[in-house]
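I have placed the structure first, in the form of structure tokens, so that the comments after it can refer back to it.
As written, the chains take the letters A, B, C and D, and residue 1 is the first residue of each chain.
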Amino acid sequence: MDPAGPEEAVAASAARNRNWGRWGDDDVLGTLNFIDDAKRAHAARLVRRGAAFSLSQRFDMNGPQKGWRRRTNPVHTMLDTGVDAALGNQGFPHGIGGADDVIAMPLQCSTQWDGLGHIFDHGRAWNGRPAEKVVTSEGDQVTGIETAAAAITGRGVLLDVGRALGTDGELPDGFAITTEHLAATIARQGGTARVGRGDIVCVRTGQLTRARRDGWGDYAGGAAPGLSFTTADWLHDTEIAAVATDTWGFEVRPNEFDHAFQPLHQVAIPNIGLFIGEMWDLDALAADCASDGVYEFQLVAAPLPITGAVGSPVNPIALK
Amino acid sequence: MDPAGPEEAVAASAARNRNWGRWGDDDVLGTLNFIDDAKRAHAARLVRRGAAFSLSQRFDMNGPQKGWRRRTNPVHTMLDTGVDAALGNQGFPHGIGGADDVIAMPLQCSTQWDGLGHIFDHGRAWNGRPAEKVVTSEGDQVTGIETAAAAITGRGVLLDVGRALGTDGELPDGFAITTEHLAATIARQGGTARVGRGDIVCVRTGQLTRARRDGWGDYAGGAAPGLSFTTADWLHDTEIAAVATDTWGFEVRPNEFDHAFQPLHQVAIPNIGLFIGEMWDLDALAADCASDGVYEFQLVAAPLPITGAVGSPVNPIALK
Amino acid sequence: MDPAGPEEAVAASAARNRNWGRWGDDDVLGTLNFIDDAKRAHAARLVRRGAAFSLSQRFDMNGPQKGWRRRTNPVHTMLDTGVDAALGNQGFPHGIGGADDVIAMPLQCSTQWDGLGHIFDHGRAWNGRPAEKVVTSEGDQVTGIETAAAAITGRGVLLDVGRALGTDGELPDGFAITTEHLAATIARQGGTARVGRGDIVCVRTGQLTRARRDGWGDYAGGAAPGLSFTTADWLHDTEIAAVATDTWGFEVRPNEFDHAFQPLHQVAIPNIGLFIGEMWDLDALAADCASDGVYEFQLVAAPLPITGAVGSPVNPIALK
Amino acid sequence: MDPAGPEEAVAASAARNRNWGRWGDDDVLGTLNFIDDAKRAHAARLVRRGAAFSLSQRFDMNGPQKGWRRRTNPVHTMLDTGVDAALGNQGFPHGIGGADDVIAMPLQCSTQWDGLGHIFDHGRAWNGRPAEKVVTSEGDQVTGIETAAAAITGRGVLLDVGRALGTDGELPDGFAITTEHLAATIARQGGTARVGRGDIVCVRTGQLTRARRDGWGDYAGGAAPGLSFTTADWLHDTEIAAVATDTWGFEVRPNEFDHAFQPLHQVAIPNIGLFIGEMWDLDALAADCASDGVYEFQLVAAPLPITGAVGSPVNPIALK
């Protein structure tokens, strides 16, 4: 991999890993096609104790966003409050009072799925479609996140690379997780950590743990541990359905080329057709997995079906 | 029940069904406490075929809201598009392009959970707390929906009252579903439709089917089929964890008193501590249940953990 | 004018009235260039009594928008309130309390200016620039409304066509105001109503008066009185700086071709370089003008300088 | 003035300067009542050259806000773009294309007016009204900024304290401008700088100049030059209509008491009934005034008439 040649590296990786046409010309689900009824039924059987974990950060103003690309933190405001109700300002009969609220937020502001319309490769969206016919100012006309409303649930696997290979459970910023690191983590975690077709792989780096302790700093877009560009083949060959991390951008930052911007995204989303989860909070789940040695679980990570959205906030639920 | 006396009827029902203190002074989950690990584990075992159903409407401008109480439909706009990417306007290296988006919406605009801070009874919120100390302009300081992030998953039961008792699967607007109607529906649907502690009950009236066919009309706040005020005791005594309907407001409209506004909410939320789902799309699930005769399923209905929110949009996933 | 041939009619009118290059290749102000210091100084001298009129509708949920093209009415919410302050919820010292608020709105939702980036003619923006280089997802890179921040103030002239030619002061929906109608109105109103270089012309149809009385109905996009397509030459030849009406769309609707959409906009904005004001409330000013027979005034109609905006809400102030 | 006693100092100043009842019990305009037709007519006569200055900062993401009290910078997004138009994605006839946009912003995010409902003193709003009856979650029911739609135009006076008393035209952060400083500035600037009844006084500190050069830093809420608490009497006794500065908060910060928050606001808004402008960009106007020695001008600073708003963004226009 030539650090000076992202263009060539991306092209070569995209050519090796491209899934265009694999599920027909009309496909909108990409690698989510690897999840079928049997896998969902199997995933449900992984629930033994009945413990439930939310893998979502809280959505509020105290998030990591700093305004880059107009990405703010969520702004949540009240239309009516208990204070108004208590003072009898609401005009409702028989003592009923109410509170209502509103939110304004970028869909990529916190725990989220990148949809297939989120990234393009030389003007091509997933399945080779022209980007300009897919995502216009009216939104994603083809692969809007609403098409995946029921599709993102199955077997989840946690790869806690931070705990396996890091210091005090955390990888340093700039640490590029390679295929070898993933394999070592799986080996260390044991049989429940095997990864295969249709799985939703959750990679914990520990960066969110650090941000929670030390402050956000440049969590949103700065240096971070993450997947190496070279894992594109692993992401493709394992036939996983989706991947998620506890970082802003899933792949290592700074990126591994001299002048680049999220090159693994460019292979993964429009070429592999892979759904990517970002800013997931894997800490409570990871502590539980470390405790009982079981790294697989049922995962239900349903996006909000916002018509035409290229991503969605999500509250993923892991059940063990 | 005296149609002229909602104040007295609400007070009497609230007194009979009030759960304040049942789970301690600090409780924030209300009837969600009825769901425990055993029930979640049991719910997972209901997944047999691995079929997944989204119970969410799509979130977009073509929704039912008309502006009442400043409730608009969601406004989804793009920060970057494939069109910009195709024309090379984005300034990114090595051929990568991207699309980003933003949403502004009331949290009660479409498929949603009412949180425990959504309704008050004479200035009292859930567990008897003063409304003005719970929901201020900064949001719900105590029972914000984020406290239920991992809590709303368990056994779902569909009561398809529309199909059981309606015409062509639909109840007319103004039809008040009584305890007897619920019992008749359960009896007709058979053993998988029994309702008990910790269940999440989904009541289909067919109104959404009608709105989808005939246009929204006054779906958002107008006449609708729904639960009778008299079902408050059933909602309490069955010890269900939550209830959801395919209508705007869960209870029958016009309300069953001469001058009233959502009196069943006033008993259910602040007094019983019950989570209420509204505007759920139960049609595909209902067709499946009618087909295989199985009315129970695993339900994962995780709210977005918006700090301090009194409700949340949700994409509930039913797995059979 | 062939009703079946809007394409040809627009092309011919655009060719006759095009001002491209008139103020240099870098121009961003279009016809606002007709206003110079002398005209602004003259306009100030029109203020005799010192009476001030706001020509803006109120911005709130009770506006005409119905969601077409995601145009909602403004949503104004509070971040803090007097209710919170009164109950001591705010945590401020020495008895100070505060209220703050937020707004979300389309820039074209109510009384507004159309900027030069609002409309294109066959992919060309004002001055012949390629539309795709001018208005991207990041906004208007060239003619954003902020470039006109100080530029829209000068002599205003009211042409009260509704009062001059209508019934009870109102023109019916579908009434196309022609150059002859404008001339007749000017003649009737007298010397203060003459129109010339650099003037900002306010045309009152009376439709807003009607909407205020009868309800919005289809005010936002439905049938309306307005300028005939044939007035394009008048708009050009008079060398006015801007024009504004009390209607949603400035030109008559239905448009005067069999299949068309706002053809006068297509000539006026990208070709003439004309600023268009819409949904102005001219009623109070018109009553005053009818009363004292003076139809000219100083007008300060400053847009909010939102970087890259293709339009702006405005509160125009007329001083007589 | 005891630095340990803001409570007492505020109470004493409020008692001295309170205008409650001065313009009747129903008054909503406060000190704007000092502007009458004669003053507006006089102001127009101050326009000699016809030069126009916008006193507004640009509204965009690159503003000073950092999220405190959920105050973000404006988020401006496009509903349609020239890029879409160029690629023929819009579906309009005869070659017309269009761009539309949306904004979401706190009303106090940039150049703005504080309305009379913005600040309370011990639960009392302007004119002695109970804060909880004035500003509820539905907005300011009494003194909403829309009531001042036509009212904020008159004679403006620039007091360039930065140039008169600062170094290189700038006062340092923490510099408290006293009545003596104001008098010295007026004396230095000469006869056109006299201040009297009904004037709108613009005080330039130079902090915005510094922020523009050095970056925002803590412009939004941090240390700043500004009016001393002790100027409350001057603000009252001069009978000015309004005051505006180039800083975030108008008064000096840190405030002049050990533990305080904007104590001058507490006297000025609810007690004096004074309109306060903040974050105005006075630099271009100030350069012109320094050049020609004329510090008075016509000022039209019309707020957007947002129903129930406690403030408003504004693009003030000064005409000389």
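As a convention for this text, a contact is a pair of C-beta atoms (placed from the backbone, for glycine too) under 8 Å apart; a residue touches a chain by one contact, two chains touch by 3 or more.
These are the chains along with the protein names UniProt gives them: A, B, C, D = Cyclase family protein.
All values derive from a computational prediction rather than experimental measurement.
A count of C-beta contacts for the chain pairs C-D and B-C puts C-D on top.
Work out the mean CA point of chain B (Cyclase family protein) and of chain C (Cyclase family protein), and you get 44 Å between them. Separating the centre of chain C (Cyclase family protein) from that of chain D (Cyclase family protein), both taken as means of CA atoms, is a distance of 26 Å.
The set of chain D (Cyclase family protein) residues touching two or more other chains comprises 70, 75-81, 83-84, 86-87, 89, 102, 104, 132-133, 136-138.
Taken pairwise by the contact criterion, the protein chains are fully connected, each one touching every other.
Considering their complex, residues 61, 67, 70, 72-73, 75-81, 83-84, 87, 89, 104, 132-133, 136-138 of chain B (Cyclase family protein) touch chain C (Cyclase family protein). Taken in their complex, chain B (Cyclase family protein) has these residues touching chain A (Cyclase family protein): 6-7, 10, 36-45, 47-54, 56-60, 62, 69-71, 74, 76-83, 85-87, 92-108, 117-123, 125, 130-140, 146, 149-151, 153, 257, 259-263, 265-266, 298, 300, 302-311, 313-317, 319.
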